[in-house]
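Going by the order they are written in, the chains are A, B, C, D and E; count residues from 1 in each one.
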């Protein structure tokens, strides 16, 4: 899984019918401190995540192992919202 | 999923029989503002996307979760055409 | 899928039994003009592609969605030979 | 599989129900000597790995081929804790 | 598939039970001449490959399409040992 920060949303009228009603959020990968880096990607939100949240995203077929994403043409899902991280024995991020 | 801009098409006479009649578009990854970057890749179009459209592409087995791509030797599909994106509380792209 | 140029072949005596008789070609990724870049990779050829051909390769489980590669320990297949590409309204590559 | 060093943990209250009780560790990829590099990623721990351990992680659907991760929205699992590595005929890492 | 050179081995006492008795080799990706580059990764050996051998590795679910790796938490397998490669009409590597 990747640590990622939610930075925005995408809105689409024309889409695969299995995506109707799905929330597609824009994220950037982040490190254990919550610092974002790299180019944006998009994942289905199943947890009502908000802008600025630090989350975990599962990719590939792992992104379809939820009731909401099963059998849909998607490859990434937000499967956890991070409360905090611990690294090197210290709290590295606190949500 | 990746945000991507449609930049062209590929035409093939010799191809796997499951690809007959499929539209294979060339895309470049893009950020939330629609700015393209990086090297081109190819995805099956199931939504009648046009050159210049900003779209979302699902990769891997996710690219075969549509009626058109099911059981085909493909690894990417256009599954949404983006109307607009919102990032940092502002409209970042408007189609 | 990736656009790729066929640059060579690999010959193996010791291999998984499901690969006996399979043609394993060496490719380099290419852009829409046919210009190759990056490091080589290997894909199963199901279309009798030749050295110098510009092709499309499907990766991951998509590489096993053909009669020839089904259930084999492979992760990439040549599933189309490109005749020509069009980008920005012009022919970008002509085979 | 990737060689990786365990550097921390993530704690989440809001998560997919299949992740309840799962330990999600933060890792950085490492080379055969145990030197870490690159950005962090997260994998499910099924072996009671500890901070500082050098481990192997399996990715993609391979990450779900354990009793603990089966059918869960995850894409990486720790499936071995490395005792030592040998490279170029010498012990390169000793845990 | 990737061309790769076998550079070492990993030894693990604590591992998923499906990996007992499996040989996990350390490899580095190589080009068509056999020159290695990049960071090491690990694959299951099913062909009794030796240190220094140039091999092909299949990744993702492709890594589990052998009798030895089926249903195991692995994502890469050595599925061919390369005798020689031909590129640009010449032998580029001879094992």
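Here, a contact is a pair of C-beta atoms (placed from the backbone, for glycine too) under 8 Å apart; a residue touches a chain by one contact, two chains touch by 3 or more.
All values reported here derive from a predicted model rather than from experimental measurement.
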Legend entry - Interface composition of copies subunit D and subunit E: same or different, split at half: different
Inset, instruction - Please compute the C-alpha centroid of subunit A, do the same for subunit B, then give the distance between them in whole Å. - result: 20
Legend entry - Where subunit B and subunit E are represented by their mean Cα positions, the distance between them in whole Å: 32
Inset, instruction - Indicate the residues of subunit E shared as contacts by at least two other chains. - result: 60-61, 63-64
Legend entry - Sequence of chains encountered when the ring is traversed from subunit C in the direction of subunit E: C, E, D, A, B
Legend entry - Partner subunit D, residues of subunit E touching it in the complex: 7-16, 18-19, 24, 26, 39-43, 51, 60-61, 63-64, 71-76
Inset, instruction - Using the touch definition up top, name the residues of subunit D that touch subunit E in the complex. - result: 1-3, 29, 31-32, 37, 46-47, 56, 58-66, 69, 77, 79-89, 92
